[in-house]
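Order of writing sets the labels: A, B and C. Residues in every chain begin at 1.
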Amino acid sequence: MNQKLVVSPSPHVHSGDSVSKNMYGVIIALIPALLASLWYFGIGALIVTLTAIAACVLFEWVIQKYLMKATPSISDGSAALTGLLLAFNLPTNIPIGLIIIGAAVAIGIGKMSFGGLGNNPFNPALVGRVFLLISFPVQMTSWPVPVASRFQYLDATTGATPLSVMKEGLSSGASFSEIMSEIPSYLNLFMGNMGGSAGEVAGIALVLGGLYLLVRKIITWHIPVSVLGSIAVFTAILHFSNPDDYAGPLFHILTGGVLLGAFFMATDYVSSPMSRKGMLLYGVGIGVITVLIRVYGSYPEGVSFAILIMNAFVPLIDRYMKPKRFGEKIKAAKVQKQ
Amino acid sequence: MSIVLITILTLAGLGALAAVILYLASQKFKVFEDPRIDKVEEALPAANCGGCGFPGCRAFAEALVKADDISDLNCPVGGPDVMSTVAEILGKEVSKADPMVAVVRCNGTCENRPRLNDYEGATSCAVAAALYGGETGCSYGCYGLGDCVEACDFEAMYMDEETGLPVIIEDNCVACGACVDACPKDIIELRKKGPKSRRIFVSCVNQDKGAVAKKACDVACIGCGKCAKVCPFDAITIENNLAYIDYDKCRLCRKCVPVCPTNAIHEINFPPPKPKPAKEEEPANTPASSN
Amino acid sequence: MLKTFSIGGIHPADRKISADKSIEVLPLPKRVVVPVAQHIGAPAKTEVKKGDLVKAGQVIAKSGGFVSANIHSPVSGKVFKLDEVVDASGYRKPVVIIDVEDDEWEESIDRSETLKTEITISSEEIVKKVGEMGIVGMGGATFPAHVKLAPPPGKKCEVLIINGVECEPFLTSDHRVMLEKGDELIVGIRILMKALKVDRAVIGIENNKPDAIKHLSQLADKEQGIEVQPLKVQYPQGGEKQLIDAVTGRQVPSGKLPIEVGAVVHNVGTTLAVYEAVQKNKPLIERVVTVTGPGVSKPSNFLARIGTPVSQLIEAAGGLPDNTGKVIGGGPMMGKALSNLEVPVTKGSSGILVFPHEEAHRKPMENCIRCGKCVSVCPMGLEPYLLMIETEKELLDRAESDNIMDCIECGSCSFTCPATRPLLDYIRLGKGKVGQIIRNRN
């Protein structure tokens, strides 16, 4: 034997899983939604996506190299993923300058200021998006019309999203069923044929990607199911108690960023809870806050805010929602007996 | 008009109420604190290193104020200057503690102590020590993973890449003892800094029998006892095949240094060796001990 | 739906390449090195001195207390010396070194192959015998077996569980014992049942050993109260608490022993040793050791005397491959990497695993991405990521309240971590420190 033996503590084998495998797994899962976005919004989607990814990767590299004086780790795919998710949360006619600002906020403030990957309490892409939404409300809420604006970028024909139509309609006294006849059918909503952010429209593509994540065990069912379930239950209660004034659960789930949020944004590893119980609570929190904002707030859409608000509760959830310890079952049973 | 008035009155009322509650609370829960504690704390270096044996400078200040005799208490960071200031504030006698410094009692460099296997666990001496005896044949020596450097708050230590051993920067070392606690092998020891920072110590902690120790490391103490025999002050004891020099008894005569067959006894900060190293050169601080 | 344990678990590739190799008797070594502490508990006290002539099976070190075990000479020959040598962990431990001369056994030992089914001695005598014969848990924990056969007063054993899970990848020694020593095992189980005064015994075997399940089921059908329970493959099912959960659905509470839920677990290797001790008067001086690994030319299961150097076993399995990077005593999940190959086989050595350089190294550690995978695989329901941080930051009181002492060190968390963080390294360290604090408190 020519080399020295290696000594290390057990275990001596590893699953082969890695950070980059998980990150690229999520990126792969987002490809159907990206294709759908290119189909509906054409050139605008392309420009927004490429700019956002390039800007995020660049900012991460610069900050790691020159500010943190560390070896840049952009190849792990996390910055690219943040860029892609940021792009998916922007309208496709947004000027490049704003995208770069958004990327700088997402990476610089949302992620690196806390110490980089793994340390950020909030979902970086959403930090970027919400920053833009509050700072540039006009540009952030003019939505290109799908298909028709394929070959337009800044000059795209814009229209309203189903959610804003619904919000305005309901507040002006129209009933839910009347408004439903003005907006695309449920099938069109599911296929993504509506106005909205680049990646949030195509429900079918997002569900497909979400299933891919579940099959590859990159995420577990807890967060998506609890988000979607709580939105469905909450809106169903409102709708069936007063069908005219409140939109139905299916409408709420298919519009806005609910599917994107439930499968891809809320499940972000870093900013979501660690235990299964915690994940369920977190998901329900997101669902309830989303509906509260949509129904009672002034914004038509609330998923981003809901996720950010629940992100803030994650340390608390982790502190108090411990996983079920081995042996607890018995203790509980014994106490009951006595 | 009345709305404005009501608003002002309500807010003012709330403010007044809160003020009263706060006042009462502060009266009720008032804790008497010796004002000297604050003064002493101010005099301390605020390093909060724990080197004095108390959890932070505040706790040390409280102990100083409370104690009748503070000669046992010492702030290693501030040294005699700070302690005399403290003594002035409190009007108590101060100790004249000898300044101490950390020394690394292992010279198992890559050259002296061949590596027999490769460690590849977490970069932590504590983890490695819990796992096994280390990369070399000596299970007492330094792992070289830098727990001590990590523990040092005063930038007084660094890992020498070439030797794989920690090095102490004397000028920065305040003898707080953090590295001593961090070392799972008890290799680092606080020793008297000595006059002109001169000191002699056995740079080995191996307790194996001589042959075994020597096989593992060229510069191991083999417990032969030659140093103990030659020492005129009975400062050297041999226990578990290992020589130890008591720094309170050692008068720095350096007789033990040349007799050590493995060069395990180190002398620090002495002038460069003269043809006759046994000769004592420093009469000022060291009591003349030769012959 | 097959039974398994209820929390966490992982599925490492099982790579049991030596599963179809029957047990071979390893030739006697020239010299054996017998450590006097081969078990958990007090070390044994040496009873021989340099130059003494000993026979195989003769006591050379007496049990040092209740939780301790006798050490017997595994060979006949002359005591070369009593010394301290470097053990698997690189620390020097007291040993007895014996130069082998012939192969003469104590007369009382029955070395015939005939199966002796009739149990003639009483429960108490069985427990005493098991203690005298130096039998310890042979799955790796090396807890003295007679202690587990004497339940504390007020506790009643309801079921005896025989651990034939062998959930560690690569290892096949228990598998081979179940296939080749089935009859002896069944008698051994009856002896244990008698000692514990239970009328039900369950042999837990994972579903990746269908031949062993079939063979033992056939034998068990003829016996009253013995049954075979096939289990879904999942690591760490061989852990005592996990196995009890899988077989009975009961969970041993934190800090308690299995007897708390009326179960006692013994490994198949231990059961065989009990049979030999009680029926044949044979102390624990040899055991089945798997020698295997991706580069090993002749993966084998050897019946080796305790004290045989590891190097000799590897030699018998075709020698050490050229690009060997790591040699592990035990399985890849919980085994100990050896720093030298002259360490001896001990009562707890279930396997020797040789890894080539490609598999010997860890990947560099990255930031924790809080994916929660360590939490979901932990079979004890702990939060490894948190325990690691708490240990690093010396928040030991919080580590204690987060149940760090419940960790069974199975390694599932480190195995799974995508950022290859040394979770278990730190948890083990934290366990040590918290354990110290708890001991000081009492």
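Annotations for the structure displayed:
To be clear about the criterion, contacts are C-beta pairs under 8 Å (C-beta built on N, C-alpha and C of every residue); 3 or more make two chains touch, one makes a residue touch a chain.
As the structure is a computational prediction, the values presented were derived from the model and not from experiment.
In terms of inter-chain touching, the protein chains here all touch one another pairwise.
Using the mean of the Cα atoms as each chain's centre, the chain most removed from chain C is A.
Averaging C-alpha coordinates per chain places the centre of chain B 43 Å away from that of chain C.
Averaged C-alpha coordinates give centres for chain A and chain C that are 48 Å from one another. In terms of their C-alpha centroids, the spacing between chain A and chain B amounts to 52 Å. Shared interface positions of chain B, defined as residues touching 2 or more other chains, are 116-117, 120-122, 127, 131-132, 135. Listed for chain C are residues 90, 336-337, 339-340, 360-362, 422, 425, 428, each touching two or more other chains. In chain A, the residues that touch at least two other chains are 5-9.
Those residues of chain A that touch chain C in the shared complex are 1-3, 5-15, 17-19, 21-22, 73, 76, 78, 116-119, 220, 269-276, 279, 318, 322-331.
Residues of chain B that touch chain A in their complex: 115-122, 127, 131-132, 135. Those residues of chain A that touch chain B in the complex are listed here as 4-9. Contact residues of chain C toward chain B in the complex are 86, 88-92, 336-337, 339-340, 360-362, 365, 422, 425-426, 428-429, 432.
Note for the complex: chain C touches chain A at residues 7, 10, 12, 90, 169, 241, 245, 250-254, 256, 260-261, 320, 322-328, 330, 332-341, 353, 355, 357, 359-363, 366-373, 375-376, 378-383, 385-386, 402-403, 406, 409, 411, 414-420, 422, 424-425, 428.
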